[in-house]
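Next, two complexes with chain A in common: one pairs it with chain B, the other with chain C.
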Partner chain A sequence: MRRKLPGEGRTAVLFLAPLFLVYALYFAYSFWFLIGTSFTKVSIGFSNAVAVGWKNYRLLLTDPAFLTAIRNNLLFAAASIAVSLTVAFAIAVLLASGIGGRRLYYAIFLVPALTPIALVATVFSRMLQYQDGALNQGLRAIGLDGLTEHWLTDSGWAFLAVIGLLAYLIGLPIMYYTADLAALRTDVLEAAVLDGAGPLLIMRNVIHPMMRSTHITVTLALLLGSFRAFEVVLLSTGGGPDNTTEIVGTYTYRFVTSAGSTIGYASAASVLVLIVAMLVSVVQVLVTRTKRGASR
Partner chain B sequence: MTISRMTFAVLAAGVVMSLAAACSNSGSGTDASTTGPITLKLWTWTGAPGGEAMKRAIDAYTKDHPNVTITNTEVAAADFKAKVPLALKGGEQIDVLAVQPSLFAEQIKDQLLPVSAWEKDMPSGTMNKFQPLALEQNKKLYSDGQLYSVPFGLSGSAVGFYNAALLKELGVQPPQTFTDMAALAKTLKDKKPGVAVAVMPSGADSWFQDEFALTLAGQNDKDFFNNVRYHNGKWDTPAYEQALTSLRKIYADGGLDKNVIDVDYAGAEEKFATGKAAILFNGTWDSTLLSPDFRKANKIALTSVGAMPVPAVSDPSARSLRSFLDVTMGIPKTAKYSKEAADFIAYVTTGAGADLWSKNLGLFPAVQGWTARTGDPSFADEEAGAKTIQALLTSPHSDRNNMSAFSAEVGKKVLKVIGGSDPATAAKEMQDDLDSGKFN
Partner chain C sequence: MSARGGFGLLIRRRRDRRIAQVMLAATALLWLFPAWSALREALKVDGLGNFVSLFSNPLGGIPIWRTYLNSVLNGIVHTAVVLGVSLPAGYAFGKLRFRGRETLFYATILFLAIPGTAILVPLYHVTQELGLFNTHLGIGLPEAALTVPFGVLLMRNYADNVPDTLLEAAVVDGAGHLQTFTRIFVPIARPAIVNLFVMCFMWSLQDFLWPTVFNTHPEMTTAAQAVATFHNALSASPVDSARYSASLVLLALPAVLLVVFGQRFITSGLTSGAIKD
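Our next item is the complex of A and B:
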């Protein structure tokens, strides 16, 4: 490891200070404003605000739709993470193993992640419509009419449809894994091969544990990203049927874009989501620290 | 360096005059000039009445007023409620503002000039030209009973647009009841498999389900919505529960098609425009479908389209809709040219401009004596449809003075009822939501 030069820390602080200051001011002001607004009843014009104390928070915490939205956020994140740590990881390893037509496969998996999510969600929504959707049309064409479903209006299927859509967007985790696989120590893999380990064993017992830091990055990115999976839900199910697929983004959006004095309520929802997201991050940091400590 | 008293006096006078001139230009609804070239800044949202439609009126007005240029900032409808209050608060020059006749109007009231301040700048008698119902509805928008905007256009919901050529081919009259609808569905199944009896915005645009359920509720109790909206009436009344029960039964009996309840707004329009649905239920803002020119310009291949009220659950004479002002026009306090703005507003609301922007029937002007025309009298179904809609708009069962986010919430629950949930429980949940106070 390179030794620190005298005064290097101070120079770094000097260079970083302006950026930190801008960030600190930006976030401090945003949080202060958001928290202040959350205790009022006010419209988007932010004039004539009426103090309502904790009322907005009380309403939110007793609103089943909001609690469902938070739960859905976490469930969608869990599903996304599960798919990424298994399917995306396996795909990345396969692609890194020198499989033929690699570039084509990369394109197939990465293009959805690079396409605007709004477009992907709209196309999916059309594909899943009961009468003219491509999925049901396809099933009918091959005589499997009995398997057609109301994918977007049946609660259970709608929930799975959103998970399917999120799973389709695994390009980013594949990219993370691909980048880190390129830097993987090949001597360890060679040793495993010499010891007679098969491909599956190598993937599960050698590569997977060696990619632990990537798993953490992917998990954290997806977990926090799930709080911003707004377009996916809004343009596919609209949060329905009956809030089954509602997430906090779509829930808050309705109150922000509606007329009336609903901005205080939307701000309170945002503060609560912020707290949940921070708790998730803290838990994540603690868990990874504990594991790192144990592995030392 | 020394300055003589005379020079000082001249300089001081110059400074004072400059400041006075600057102050007179600093907004608050005062006029800067009435002679030189001026640019009026108009803000509307998409569909109010639409960029192309408004351009026709603007072009004609500016031709008659060569010193006036008008820029129309057309904001996406979904963003309008959020952007306008912030722009006004930021002091943005807006001379003419399309004011959404909902809670939004009251929300920005303090940033608008009262009509009494600029009424004198409109041609004499302008206020008497508005439809009395429209003026009455306009007054309901503001809690202090004053007018801060004037009526521009009306719309209502829900109505049906039918593929007249298809119904003629099948030998079927436009349905008057949902029993007729079920019969039409059966005929379609036999003779035109794959064509849905009706489609409407749903799925991700479930807010329209609220509109449709309220139209049915009006058949049971015409005062239902006004009671809720203006008199703190209950939402979970027997009349509303009955409407939900009827709706569920209509779907079960085939009068409406459960297989298309996942279709969103654009999808519903597309299905009807491509002949995959015999009837489209939507608001009267879709009356553009009655305009042959509009259909041609938008490559909609339907040869003949008619309009009808939403069919009755039982008694056809109960068919009606909720209507309300769709657009009103006001002058913000940030206006630079309030006098010219008032003149332009008079032109587009009660003057020749109303005929120009309403040519494609997206909105119906709120001026007395205006008659809906499709532009080509040889299209009999369209002509009759336009008149049907105008008649419905002028005799609604209640106001379509919506409660914004609450509509979306109700729409989802209506969909749940269509899926089989208990109407009474759903109505109770809606009541609880309304009582919570989070929607206003």
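Our next item is the complex of A and C:
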């Protein structure tokens, strides 16, 4: 590593100036504004704000819908992590085994995750409609009328429908696994094969443990992503029935876009969500730093 | 990658290979089912006429191509800001020596996962104060703000892999950092720039939140936003329902094409931008 040159600090300030500007306006100012607003009762016009102290936070923490939203957020994240560590992993390994049509398969799994989520969620919700949805129609067509369900309006099924939709979006984990599998040493596999281990056993007991750092990357990415992807719920179940599938994103969105003096309340919710998201990010950075340190 | 060596060992027996093929094909068919169901509905009632009518009689008065154009224009703002901020920042974090560099870098990437909905209130206020409702700047800027942490991470990772000696020679020759940056680093970083460029457009096409909240004029509607606005412009009749499905298929088109043709850039961008070494 070369030594520090005189004036390099000043050059750095110059190079980082655009970054500081964006962060100052969009993050620092945003957070400051949110915290201020969260102690008031105000509408989206932001005039005639009334100071209410900690009232918004008290209301929020005693609102069952908010607590459900946080719980759902974590449950949905856990479900998509579980699907990724198993199904996405298995798909990536199969694709890496040199099976025919690899590029086509890869595209089929990746495209849904990268097209507008709003669109995928809408297609899902139409597919799951009770009367005209493709799923129920398909079931009726093959004589399985008994299996048709109110997929989006029954709370249990609606919850599973969101999980199904999240599972449908596992293209990115498949991508991370595919990238890291390509860099994995495969001579261990030869030894395992010589020992007479079957493919399933090798996948589960040899390859899966070797991909530990990818599991961590995928887990953290999905956990953080779960706070971002509010369209998944908004355009499939709309958070319903009766808020049973609400997540923090749709909860906040609902209060921001509803008429009335709900902005202070929505701000308090935003502050809490930001605190949680930043905490997860801190864990992510710490995990990564330890890994970097260990590998040097 | 051959079927013999490496992971090919897993399916070296014919029976195992068959099972693997069947499982993959079945999963892929399941993944195609939603797309198939949308296409089928789009062809109901009027067949291809549903698609034709979208051009002759646009839903909600907004032609589909206009929504594509709006997404692309937002994407241009988005990309320009992200590149303008990330390139110099990546160079500074990767190639300059200064006090507090690591701390500042990690503080920067802490913002990787800020949920858009959580800063909706302040950004509504900012957009209002700056008079940016119904402008491409008003959508592109918040999109860029959420992408910048990722862009900086990507560029820093890239800068890390550029050998110091390459830049040192220029600095020692008295070129100064500004020249080294523009003449040497930026051209070398072209692959990373292309990756980031493709991803910014992809994310602009995906973005639903900012257009939905900040666009109130129909002519500013973006492709992702149209998923909801078109729905509101329709009745529940079978004809309209089929037309809506047809519009969904068309709205998916630019994103699907971008992903299929830009897959290489997106994959390499996302995997090199993951926080890991």
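Annotations
Note that in this section the second predicted complex is superposed on the first by the 247 of 296 C-alpha atoms of A that agree within 3 Å, B and C clash if a C-alpha of one lies under 4 Å from a C-alpha of the other, contacts with A are read in each partner's own complex, and residues count from 1 in each chain.
Quick note on the criterion: a residue touches a chain if its C-beta (ideal position, glycine included) is under 8 Å from a C-beta of that chain, and two chains touch if they have at least 3 such contacts.
Since this is a predicted model, take the numbers as computed values, not measurements.
By the touch criterion defined above, A:23 lies against chain C but remains apart from chain B after alignment on the C-alpha atoms of chain A. When the shared chain is aligned, chain B and chain C each come close enough to touch A:256. After overlaying the two complexes on the shared chain, residue contacts for A:211 are found with neither chain B nor chain C.
Judged by the touch definition given at the top, the superposed model places A:126 against both chain B and chain C. In the superposition on chain A, contact of A:237 is made with chain B only, not with chain C. Of the two partner chains placed by superposition, A:83 touches none, neither chain B nor chain C.
Chain A has more of its residues touched by C than by the other of chain B and chain C. In the superposed model, A:161 makes contact with neither chain B nor chain C. Of the two partner chains, both chain B and chain C are touched by A:46. Chain A residues 44, 46, 126, 132, 235, 256-257 lie at the interface with chain B in one structure and with chain C in the other.
Residues 1-12, 16-17, 20-21, 23-24, 27-28, 31-38, 40-41, 81, 84-85, 88-89, 91-92, 96-99, 101, 104, 106, 108-126, 128, 141-142, 144-145, 148, 152, 164, 168, 171, 177-178, 181, 202, 205-209, 213, 223-225, 227-228, 231, 241, 245, 248, 251-252, 255-256, 259-260, 263, 266-267, 270-271, 274-277 of chain C are the ones touching chain A in the complex. Of all the residues in chain A, the ones that touch chain B in their complex are 43-48, 56, 59, 63, 65, 125-126, 128-132, 150-154, 234-243, 254-262, 265. Contact residues of chain A toward chain C in the complex are 1-5, 8-9, 11-12, 14-16, 18-19, 22-23, 25-27, 29-31, 33-34, 37, 44, 46, 87, 91, 93-101, 104-112, 114-120, 122-124, 126-127, 132-135, 168, 172, 175-176, 179, 181, 186, 189-190, 193, 198-199, 202-203, 213, 217, 221, 224-225, 227-228, 230-231, 235, 248-250, 252-253, 256-257, 263, 266-267, 270, 273-274, 277-278, 280-282, 284-285, 288-289, 291-292, 295. Put simply, chain B touches chain A in their complex at residues 78-79, 81-82, 85-86, 88-89, 100, 102-104, 107-108, 110-111, 196, 203-206, 259-264, 267, 271, 276, 403-405, 408-409, 412-413, 415-416, 419, 421, 436-440.
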